[in-house]
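Both complexes below contain chain A, partnered by chain B and then by chain C.
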Partner chain A sequence: MDRKSLLVIGAGALIRLVLFTAFPSLPTILAQRVEISTPVTSYKRLQEGIYLYTHGVSPYDGGVFHQAPLLLSLFSILPPSTIITNLLYVLADIFSAISLIQIASSGVPTVTPHHVSPRKANSWPPWAIAAAFLFNPFTIATCIARPTIVFTNTIILHSIAAAVNGRRGPAFVSMAMATYLSLYPVLLLPPLLFLTYDSLKATSKPSIQAFSAISMIILSVVLMIYFKLSHLITGSWEFVASTYGVHLLLPDLTPNVGLWWYFFIEMFDSFRAFFLCLFQLHLLIYVPSVCLRLRKQPLFALITLIGISSIFKSYPAIGDTGLYLSLLTLYNHTFSLMRYTFFLAAAILYATFLGPAFYYLWVYAGSGNANFFYAITLVWSISNALIVADAVYATLRDEHETERPELIGKDVVQI
Partner chain B sequence: MTPFPSRSHQWLSSSPLDIFTFLLLLLLTVFGNTVVADTYKEKLDLQPLPGQFLLASFNFQSHGPIEAFNKQMFQLFPRSLGQILQYTHTRELHLRFALGRWDSELWGAQPGNGQNAGGTGVETWAWVEADNEAEAEARWTALNNALSGLFCASLNFIDSTRTIRPVMSFKPTGDYSKKDKSRLFLLHGSLPKEPVCTENLTPFLKLLPCKGKSGISTLLDGHKLFDASFQSMSIDVRPICSPHTETCDIEIQQTIDMVLDISRSLQRKDSPVPRPRDQHELICDTSKPYASNEYCYPMDNSVDLPWSLSDLFGRTISGGCPLAINPPEKGDEAPHVCIHAPEKKLKTMQTLELAAPATSQGVQPDLNCYVLKENVPFDISFSKQQPPISPLRQEPLLYAERSFTGHGQEHGGVKTVLRNPDPVDSIGVVYLESLPWFMKPYLHTFKARVLSASDVREEDVILDLYYRPALDRKRGTQLEAKLIVPPNSVVILTYDFEKAVLRYTEYPPDANRGFDVASAIITIPAQRRNSNGGKIPATSIRTTSLLLSLPTPDFSMPYNVIIFTSTIMALAFGSIFNLLVRRFVAVDEVQRVDLKGKVRGLLGRLRKGKTE
Partner chain C sequence: MKDNDADSRRRRYRELLHNITMDKDDGSQPEKLAQDADSSILPAGFVDKGADDSTGDSAATFKQPPPERPETIRTRLWVLISAWMIAIFLGLPLWHATTTIYRAPLPMQEMQNWSEGKLCKTEFPLLVEVEAPSLPDAENLLKTVQHALDDANDFAAHKPHHLRLRLAARKAVSGKDENVACLLRLIPDSQNGYNHIVQSSSRIVDIHYPPPSSSSQSSVSAGLSKFVAETLEVLFRQEQELIEYLLLPQTSNPGSLNALSSQSADEGRDKKAPSKPRAATADINRRMSRVVKYSSSYHITFSLFTATALPASWDIESAISQYLTPLLSALSPISNFTISTQVQYYASISSGVTPTYDGTSQSWTLKKEDLSSFINSAEWPLASISNDPNLNFILYIPHPSISPLTIPSASHSNSFLLPQWGGVTILNLDHSASHLDHLSNPTLKPVLETFATHLLALLGAPPHPASLPIRLDSLTRQRSAEVLVSASSTLGSLQRLVNALPSISIPTTVSDSVQDSIRHLSLACEELRKGSFVKALQMGRVAQEEAEKAFFERTMVAQVYFPDEHKLAVYLPLLGPVSVPLVLGVLREVKRFMEERKKARGQSA
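Showing the complex of A and B:
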């Protein structure tokens, strides 16, 4: 790592520490924001879970705590001090930044075995990508509010960093952990598989089938170990229904930035199961198509799937979007090909500022109703979806220009 | 226990009720020579309370041998209730209907140590005999459904989300053998939103042997009862065994406690339609600086209003209930009506058609008791008193109040203030809360704070905690805490909770009114005072119920939301898949057909068709 990267990491850590110490009530305030904390990540619910767990009540036999058992044991081992907890979250963000620097330094965003971007000179240096992550307001707010999504993000980034360097073991062990913590990273497995395979040295490459089979075995064995450990910790299998069941069946309808909560508040009872299946399948359907079309750039396929799941998963938060936007800066060299940058940036800003205001009008002032906040979540979701689509457009265009360099700078259409 | 033939003095009278009794007795003497009859007692306790209120406590009690009950030979025990209890294997039942708030700051301790009072709405708990928990719950559901029909109350809505299994708060009051006890399951349910009204009183009166036709129950009129500032109806059924004879009885006790606002009742009597008082009826506080002929600050309680039972209840007691009248030859006559007031006040009392004063009269100077005679109406009246005589007030063992803190419809807090007025002794209490599942408390924020002169550590206040977290749509939260309230100090319990958002079909029609949260139940187990070894009787106190407002969705939106959200998803899906499945080509490589070209082509084709 060069000096600039170290400086950026230092500054990022400093901002977080200053925010934690100078505004002691800020973590509590942010932890209660529905945009940041969801029922499956909230720090306050984690505290409740730890309290119940340490007092001999099963936290999974209740409607409050829906997080993985290993988090429980991690936090119950830690001394009950806010400073240490805060440091843990800052450390997690620093590790994320280091992983991003590793990903950027590997050059995979611009050069893959199947594709070399003609714009590779335009890409940002690693320290700038770390800065885009560490100084992203969404990431900072998420770190200060201390939801457990921070750990999932760190682990996903670590997994990607291991994958781009061709280290299969760490990549799949981490992805198993991310899946174990918050279920939806399971969607990232196929692109991760391609990414790791592509990053292997050409001399010792096994066939893709053998490679996938062994990777899947690694993943399932590791997942099994995590589940067995959880079973040992909690003494029963109750946690499966209370964590993954909640992700899948949405019993807690607390508002968040996603599309699910209001849809399932207003859904007719007889259609609830049908639409739950539909919404879950909707997420699943992107995986094969994105992986096939972006086979030449599996890292971008993976980032796109992170973006899609940050919009359409059952309990999304701005922490997911923060992760996606930070990862997207790895493809900064294609940004010049995006079509709606200004419009989308404005829409995101619009939703960011009006969201909290409308939520206040609904829940506290009583002068608005639920439709106010719902409308903002619609704007937020569609602008994020358009960012994903626009980034896909830019990357496909970039790929296309590698194939047909004569079309650089010319107008194209899709047929 | 009274043997049946001794009631023969009643046979001579001619009222229809007595003919009925005669027939009943005849039947019983025909069918069972050895039958020991049920006994029945009823009693009305009147006590003026501070602030021009009158507490009227009605108590109806009947005993009968449990063998007869088990053989479905009901004498005075109501058959309808008895059959329900037998069918559902309920050994002990407690049912409470309550309205209003007992103002302990003003009125003092509750009658009967609060054992007959319930939380606002309907509250019920029972010990059900069963082999396992599932069977007990099935029987509990059957019991509630049957009682729901019997009492015209929504008891059938006591489902698993409203049922708790208290661990420390309730102890059975009946007598059971050890073997039976192990098979009993305690279940408790409450319906804080239930409006208690006349449709619940009528079935209540029907359970009485005299059905409200004679005896003290003639005073119970729905219009008066539900106009009271506080009223509580209770039904308790329990087995009682005598340790000497080893025979068991089944006891049913029905009580009604009501606190009447005397001035309100009198005003209602004068003018059924409420209207402001005339100026000349007002007693003005002339000490106010603005007092003049035009401005009047009404002074309360400057005079004891004159009242009689017929003024307050709209009627007199129409003689004693024949089944509750003891034979004169047996000396220990149980009084039917007692009035408990300062001696000075009792001297101003007049009785109409005086029933026989009870023999116990004179033992206590502040208590007057009367035995009702059959078919002799009974009334008492007090004259106007100025200055007023302050009534008797018994200091309660504990003051309790509970309220919500915080604002907004997202989070909130609950704050319970427990105050022990005793200057010397600390008191042990059990605090029980049963919360609906959509109110999600954070137990890690549960704190006790002590405000006291002496140095008491907060950890010493909470002795024990039992917590059962809520499960969404399956069960509510149960929180039980064993506490010590130090002498002359205040314990403040606080915790935070989160308000869940419900599915739109789960909201009641008046969603913006809010949801009722059942009263907290504070049980003071029987204990001895540390200072002088005096006994503290088992007491229970209910706080008021709370109104929880939840965030509400827009109920007119289901179709719109489905359409909007689906559109957004279709847009996202479309724009991404559009890119994924189509390929790029340069603009000049394809023949683009724009609108103009299309129109021209169409026109050309039309022209062609014309020329042909």
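Showing the complex of A and C:
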């Protein structure tokens, strides 16, 4: 790691520490924002769970706590000090930045066995990508509010970093952990398989079938160990329904930046089950399509799926979007091919500023209603979806130009 | 042939999802592009030349896009197939599993049979004991009477009552055995001739008959048996009429849910009992219209409303325990009662009600039409505090300025009954007297006795005969008939409802309740046949409760009005947009495939 990277990491850590210490009330304020904390990640709910757990009551009694049991044991081992907890979150972000630097240094975003980007020279240096992550306001706000999504993001990034270096074991153990923590990373398994497979040394490459079979076995064994450990910690299998059941069945309709809560408030009861299935399938349907279409750039397929699930999963937060946007900077060499950068940046800013305002109007001032906030989450989701679509367009265009190098820099029309 | 070939290629060329590029210097107006595309007739075999050929042709002003490479087409096909696979193999089964309306199996035929009264021929076997210590051939007499009764029964075809006579066993404690409907005591009486005396607090009926002279033994016996039969007929006639009325579904209620089933029964009734006196039916109708709906427990509220501040208190507690509790405990096999009392001062009567002064009797009289609006429901706190049906009994003390206040009625009780609601008694106090501040127990006695009469009428006890135990037995039988009919008709309604609305769901709780109801119905029927009416009433009550629970199941009616247009509105907003790319993708691939085949055929030809 070069000096600039270290400098960036130091600055990122410093910003967080300053925010934690200079504004002691900021973490509590941010932790209450629905845009940052969801029922499945909230730090407040985590504390409730820890309290119940340390007092010998099942943490899932009362239906407030919906997070994985291993998080409980992690936080109950830690000394109950705010400083140490804050440091843990800062460390998680630093670790994420290091993973991003590793990913960027591996060159996989521009060079894969199937594809070499003609814009290779344009890509940013690793420290810039770390900076894009560490200085992203969404990431900073998420770190200060301390939802457990921070750990999921760190683990996903670590898994990707291991995968681009062809280290299968760490990649799949980490992805199993991410899946265990928040379920939806399970959708990232197919592109992770391709990514790891493509990064293996050409000399010792097994067939893709054998490779995937063994990887899946690793993943399932590790997942089973996690489940067994959780069972030992909590003493019952109750946690499965209270964590994954909540992700899947959406019993808690607390507003968030996603599309589910309003829809299921309005839903006819008899259709609720059907539309729950439909919404989950909708997420699933992208997985094979994206993997097949972006087979040449599995890392980009993975990033795209992260982006899609950050829009369409049941309890999204801006932490998910922060992860997606940071990962997207790995493909900054294709940004010049994106068509709506100004519009999208404006829309994201618009939603970011108006969202809290409308939430205030609805919940505190009482002069607005739920539709105000819902409208803004729609704008937020649409602009995110457009970013995903535009990024996919840019990358495909980049891919196309490797096939047809004479088209570089020329206008295109679709007929 | 060649034109065709070129045409099809041109068409295909436009449809391919491709980037066409032009040199910027060329001026890339879309119109020009279109013209170029139209005018360019590609040389045969162009497709096979591959990408390099077309790109190498730099001299051409307009560059042709290369054809799609096979792997691109293959990727696109796989993407399409994967999406459709998920939709078909995961989406469709889930759609089916989550939107299928669950309909638990119901014993439809059995329910229908119950509602049509096919499964239980409601019978009320009544055991009558006869005590005739002074009669030598009592056995013979009984046989004759039984014969006469059976004959009468056969004539009337479908009477639910079967009277069975039995000579009283010496040791039996008379009147205490539950199953004995009444005990006849035959007492020779030389003075009065034939007559019967009903004892008011037991089931014993004394029958007095002139003692036989030794010469005309048989004629006395014949006369006596005739009289006994008549007496029994009189004793049970009212109840019999009432139960017959109950067992035939209400024809006076065309809007009710059992109108359908009642029609056939109605026809049968006209055939069977054409000579039924209309007056009796009208009387029963009138009586039944007062009766509150049957419930296993009632709440009784006694209210003292006084127009002034006096009297300030009343001895209601001791009065109730003294005059009413015996009756309530006698009623306990049928229903339980909870009691509350209240006093309200300065309670004015409704503003619309103005009594008229009658100079001759020096009293104020309420008009008959004002009685129904006498209750000042706006100001009097009469709302029920209990989940059970509420019965209100009001003692009203009018203001001295309009005292004595009377109601136009033949009786002197100065009270009236509000059907299905309760009773009102107006008590005129002598305002010149002292001790007005307290209503003592003796003052309340006539009031509570009136209320007791009202209560029996509200509960539906027949006014005749005089014996309270016999009346209560009668009430038990009448209530069991009622719950049986009500439970059966509820089951029938549910069955018709389920048949008529195929879109409502039937949760397992409904089918459980229906099974339970049917089981208890048959148990009740059995108990009736055995003659243990209290048990039958209990069973019937459970049956009725379960039937109503099934009928009023909340989740069942949630989807009653959910027409198919609504389903379209539920599905389309989301599924429509999502399915457009899937469907269009398939259409495009099919089109491409067709044209490729056509071209291949054209080339081979």
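Just a few scattered comments:
Operating definition for what follows: the second predicted complex is superposed on the first by the 412 of 415 C-alpha atoms of A that agree within 3 Å, B and C clash if a C-alpha of one lies under 4 Å from a C-alpha of the other, contacts with A are read in each partner's own complex, and residues count from 1 in each chain.
The criterion applied here is as follows: contacts are C-beta pairs under 8 Å (C-beta built on N, C-alpha and C of every residue); 3 or more make two chains touch, one makes a residue touch a chain.
Small disclaimer: the values here were computed from a predicted structure and weren't measured.
With both complexes brought onto chain A, simultaneous placement of chain B and chain C is prevented by a clash. Within the superposed three-chain arrangement, the count of touched residues of chain A is higher for B, of the candidates chain B and chain C.
Contacts of A:Leu281 after superposition on the shared chain: chain C is touched, whereas chain B is not. Using the contact criterion defined above for the overlaid structures, shared-chain residue A:Arg295 touches chain C, although it does not reach chain B.
Contacts of A:Phe353 after superposition on the shared chain: neither chain B nor chain C is touched. When the shared chain is aligned, chain B comes close enough to touch A:Glu266, but chain C does not.
When the shared chain is aligned, no partner comes close enough to touch A:Trp237: not chain B, not chain C.
After overlaying the two complexes on the shared chain, residue contacts for A:Val57 are found with chain B alone; chain C is out of touch. In the superposition on chain A, contact of A:Phe23 is made with neither chain B nor chain C.
Of the two partner chains placed by the overlay, neither chain B nor chain C lies in contact with A:Phe343.
Once both structures are laid onto chain A, the chain B stretch out of 258-266, 420-428 or 582-590 that overlaps chain C is 582-590.
In the superposition on chain A, the residues of chain A touched by chain B in one structure and by chain C in the other are 268-269, 282, 289, 293, 400, 404, 407, 410-415. Against chain A, the residues of chain C that register as touching in their complex are 14, 16-21, 24, 28, 30, 33, 51, 55, 66, 69, 75, 78-79, 82-83, 85-87, 90-91, 94-95, 98-99, 505, 558-559, 562, 570, 574-575, 578.
Within the complex formed with chain C, the residues of chain A that make contact are 268-271, 273-278, 281-282, 284-285, 288-289, 292-293, 295, 400, 403-404, 406-407, 410-415.
Of all residues in chain B, those touching chain A in their complex are 407-411, 437, 440, 442-444, 465, 467-473, 498, 500-505, 551-554, 557-558, 561-562, 564-565, 568-569, 571-573, 575-587, 590, 592. Residue ranges on chain A touching chain B, taken from their complex, read 32, 34, 44, 47-48, 50-52, 55, 57, 59, 61-64, 251-255, 259, 261-269, 282, 286, 289-290, 293, 308, 311-312, 362-364, 369-371, 374, 378, 381-382, 385-386, 388-389, 392-393, 396-397, 400, 404, 407, 410-415.
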